[in-house]
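Okay, so subunit A shows up in both of these, paired with subunit B first and subunit C after.
Moving on, here comes the complex of A and B:
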């Protein structure tokens, strides 16, 4: 630690005004503050000091994502070895998943951070931390077989057009990771939906080669239900990729085909506990997403016309990106509502819309992405009316107090 | 008599850049988004708008002293509508496929904001020759944006230009895919935004004061 500090101090003059590497000042600053707590404090005005700066907030979100990431990696391997009909140890499965996911993580971080650093450098600003979380979220919400160049294009697109043009971290209207996914979803639908993309059947860097078994079908549970002919849910059974039936615990622990990070509701709950305990994620938003979803599910169940409308509540919450979106996407502090009352409204409509899109438009089985992006656009409006209502209420209180005094 | 003096030159060339109807005045966006998914319809639309704007400007300019002020919009609409009908019939006769792609948007040239704007702002107060140049200039100013947007949308969205394959087959074999979002309207508005971005960056005087 000491040696690192000394080294940083030694090279520091190069990056300061007049140094030959001054043009890389933002980059140096980013690494220095990443490695050490900055010892610069504000010298004027009144400030509230809090240990929770945005770097720490971001790191906690990343830590909260780790369980889902690990289970996701294991599941990628599990689905792969099931598809090729081979026995493998847990570590083989995990290794396969790691090899499949690592390139995507690297691409998303290199492209996203590259653009962030370049723009911060050009604007002579500090590099903001926002992409630390987006970079890990992006591969987690994509199918495992998404080509790397597509991830690169989509990440570049969303960092530039969803974030930097609005002014960078903290100013974006829409969630950057979700914009990446939406871009891919509408640009390359064949790679983002259907039943070919959720399980990697080929080998990864030579690991896990083999032939796909005959009974293989890679559709996600939601995809199966959306295309099924069943008239109601009791006639329908979810199938795994080799035709075995899926139990509730498979869905809860995440041993189903799906986007890499969002299959395991169990791991997401672990992350949610950490987010709530540290106060980084708002429990109000999370709870109200589930409340909104519950209301929509009760209504669709009452008027069920097909198996999708008939699906019971716990399946809705376990499948697809519902839980992941509620915990990690809806609670994004930048794009969600900031007022406490607003969070309830914001979350409620996300849940409501996600279920509505999922049920009434089987062409978009991922209702969560569209619902959150849609409500992102409304978050400032919700805040405006919540603040406005509060002002009106207090003005009224002043008026009644005045008349009472007279 | 010189056909172009410095004033008429400004009338003709101004709308191409500093006074562009699409990227500076932000008019005519609706058709710019709707018809630009391929290069060919963008080109045809551009030509149609150039012709209609130019001749509508001339006709209104000739009539400008005899049009009663209160009904001038109706008179303008009649003139524009007749011109648009002619263009639409010609397209149906000689370029039926393109006409089908453009669908209602040929007819909607009637309500194109650029057209009415030029008639109101220029033709009613100027002679036929400057009005003609103004129409050509604004039509071209609108047209080149359409062509640029159409070029990128067709190239990236379908891999073709004027329906001729330009992205080689070998690209697709190694995993390249056409970008489906390019075929949807949101990407058109982003492309227009990018053109505005580049244009403002080069013309500092057009940048708004930031506060």
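Moving on, here comes the complex of A and C:
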């Protein structure tokens, strides 16, 4: 480490003002602070600082995402080998998923971080860490077969237009990863929904070649239910991609077709535990999303007209992006409500809207993304009313103080 | 029985280096330096020239708009230098002590027989008015304004804070005299806040004051928090604030008839070998108590005050006007810590849950431990800000200098020190106290 430190000190002057490589200063700084804690000491105000910084916060979120990422990779392989009707070991399945996933992750990070580094340099700021999380979220919420160039275009669009034009990390109104998904959803709907995108049936880098079995159908459970003719839920059964019936445990552990990060509720719960234990994610937001969802589900169940409206609560929570959105998307502190009371309202309406969109919009069986984006737009308004109550209380105090004096 | 208020929000930073309750004698220095910038809101006008002879209690400078508010020399001697900075701003007035300790005699007075105007005049002419601060703006109180109430904090809850119980031992009469004097200066009440751990009977059974007991972590001892819980400041109102040590100092001028600027100072911090309490005058050079008494071989940060709100001083720096504590911690600019973001090091302290906290006490240095960012994490400030105010929103409106919003969100109720803990826990490493100080100064300019 010492040699590395000496090397960094040696090359540092090149990146300072006037140095040959000054145009890479933000990049140098990002790598230096990645390797070593900056030893700049406080100049004004408090003399001691909490050890938690932006890097630590973001890395906790990334770690919380890793269980979902790993199970997701395994499931990509599992679904693939099921689709082509071949036996494969757990490691083969995982390897297949890793190979399918890695290019997407690389594209998302290279494009997003490249833009972030360039803009930080132009602004003469340090590189903010926000995209470390967005970059891993993006491939996790996309169908596995999304073409890489689409990921590149969508990532560039959302980093520039959803984040940097607003001022960068901390100022964005909408969740960057969800804007990426929304951009793709509305620009290339055929690649983002339907039955053909959730399972990779072709080989990846030559691994796992084979032909799809006859009974194959790649529809997600929610997709199946949305297109089902069943009059109520009891007449309906969820099917896996080869026609086998899906158990609750398949759904809980994530062995169903779907976006990579969203399938395993179990892995998401592990992530949620870490986020709540470290205080990085707000348990209030998470809980209120489920509460809001529960209220909407109880109402739709009561007035059920079809199988989708009749779907019991646990299926709603296990399927689609509900849990993933509640734990990793709704809790994004920048785009969520910033007041504690606001978080209850914000989360509640996300859950409510997600279920409503799911149940009443047959064209789009998954409502989580739109619900969160919609509430992102309303978060400042919710905060406004929460803060306004405090302001009103203060004004009232002035009024009573005045009358008391008269 | 005193009223009791429980403070839930806040944080007691478990710092290493608390002072033992031992008196270690008196410290003097040849030169004494008074720094006008210690006194917020004061525009200094010199009352002396270089080579002037002064007594202890002679004015060195006064406030431009309020010439009756004087700031006096703590020692008798000769003014040897007036150090100036940019734009001829006065940095230090240096007085060489002649060792005779000749005091100007203002005459002993019995507070009970004085009118409010006479009380005010006695404090002003002895140069002790600076002890009284006002809200709004957290400046030295404007003498010709009537305060709605006066708030006195009877304990310091900040990290490594000096024990008021211990310091005030033997000053019980002065404290009561000071409270009696303050009671004459307001039509409202004098509120004295004590800690649930306060033992000194002069504080616990003080007369002429409304006593409230506060229980909870720092910043329960901050007078701003106490005001907010007892009777918040409204727009257009003025309250005065002090700490109990300064009340006793005011009491001394009536009981002894002289301007005695002696402080009992706690020497604290992880890098101090022999910790304890020293008596010294405001402005005394501290190098003699640091000499041979600090960790060798690493770079150190010397602070007059506590690690949250104190001022950075040099090794030969002086005790600043409002401080009863001197702290020495590692500077940390010679430390290169690899992969801090992935660290499991038990030496790192965090108020949040992102680090395992295994130790009971921590030795923290002055590093920022991160780069400045936009405000990202929410509910971070709120957890350590026990006032009925939204700290983040107030900071944002202050940054934008949106006066209407600042007023609505409670800018008149706060002082920079109230944001010290927010600044400590801030993931985004923003200079919140400086933001609030600048905002208050600009606001005052705008309003007056």
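Here is the rule we go by: the second predicted complex is superposed on the first by the 388 of 406 C-alpha atoms of A that agree within 3 Å, B and C clash if a C-alpha of one lies under 4 Å from a C-alpha of the other, contacts with A are read in each partner's own complex, and residues count from 1 in each chain.
Assume contacts are C-beta pairs under 8 Å (C-beta built on N, C-alpha and C of every residue); 3 or more make two chains touch, one makes a residue touch a chain.
Owing to the predicted nature of the structure, the values given are computational and were not obtained by experimental measurement.
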Does the subunit A-based superposition show subunit B and subunit C clashing or fitting?
fit
Once chain A of both complexes is superposed, is A:191 in touch with subunit B (first), subunit C (second), both, or neither?
first
A:23 contacts which: subunit B (first), subunit C (second), both, neither?
neither
For subunit A, which side has the bigger count of touched residues, subunit B or subunit C?
C
Which superposed partner A:385 touches (first subunit B, second subunit C, both, neither):
neither
With both complexes superposed on chain A, which partner does A:161 reach: first (subunit B), second (subunit C), both or neither?
first
Consider the C-alpha centres of subunit B and subunit C from the C-alpha centre of subunit A, and write down the angle between them to the nearest 10 degrees.
100
Who does A:183 touch here: subunit B (first), subunit C (second), both, or neither?
first
Which partner chains sit in contact with A:147 here, subunit B, subunit C, both or neither? Use first/second/both/neither.
first
Look across subunit B and subunit C in the superposition and give the shortest C-alpha distance you find, in Å.
8
Subunit C-touching residues of subunit A, taken from the complex the two chains share:
1, 5, 29, 33-57, 59-60, 126, 128-130, 167-171, 277-280, 282, 333-334, 336-340, 383, 387, 390-391, 393-395, 397-398, 401
Quick one: in the complex, what on subunit A touches subunit B?
147, 149-150, 161, 183, 186-191
Where on subunit B is subunit A touching in the complex?
175-177, 179-182, 184, 190
Which bits of subunit C are touching subunit A when the two form their complex?
13, 15, 159, 232, 234-237, 301, 303, 307-310, 312, 327, 329, 331-343, 348-355, 364-379, 382, 388-390, 392-393, 408-410, 416, 420, 423-429, 431-434
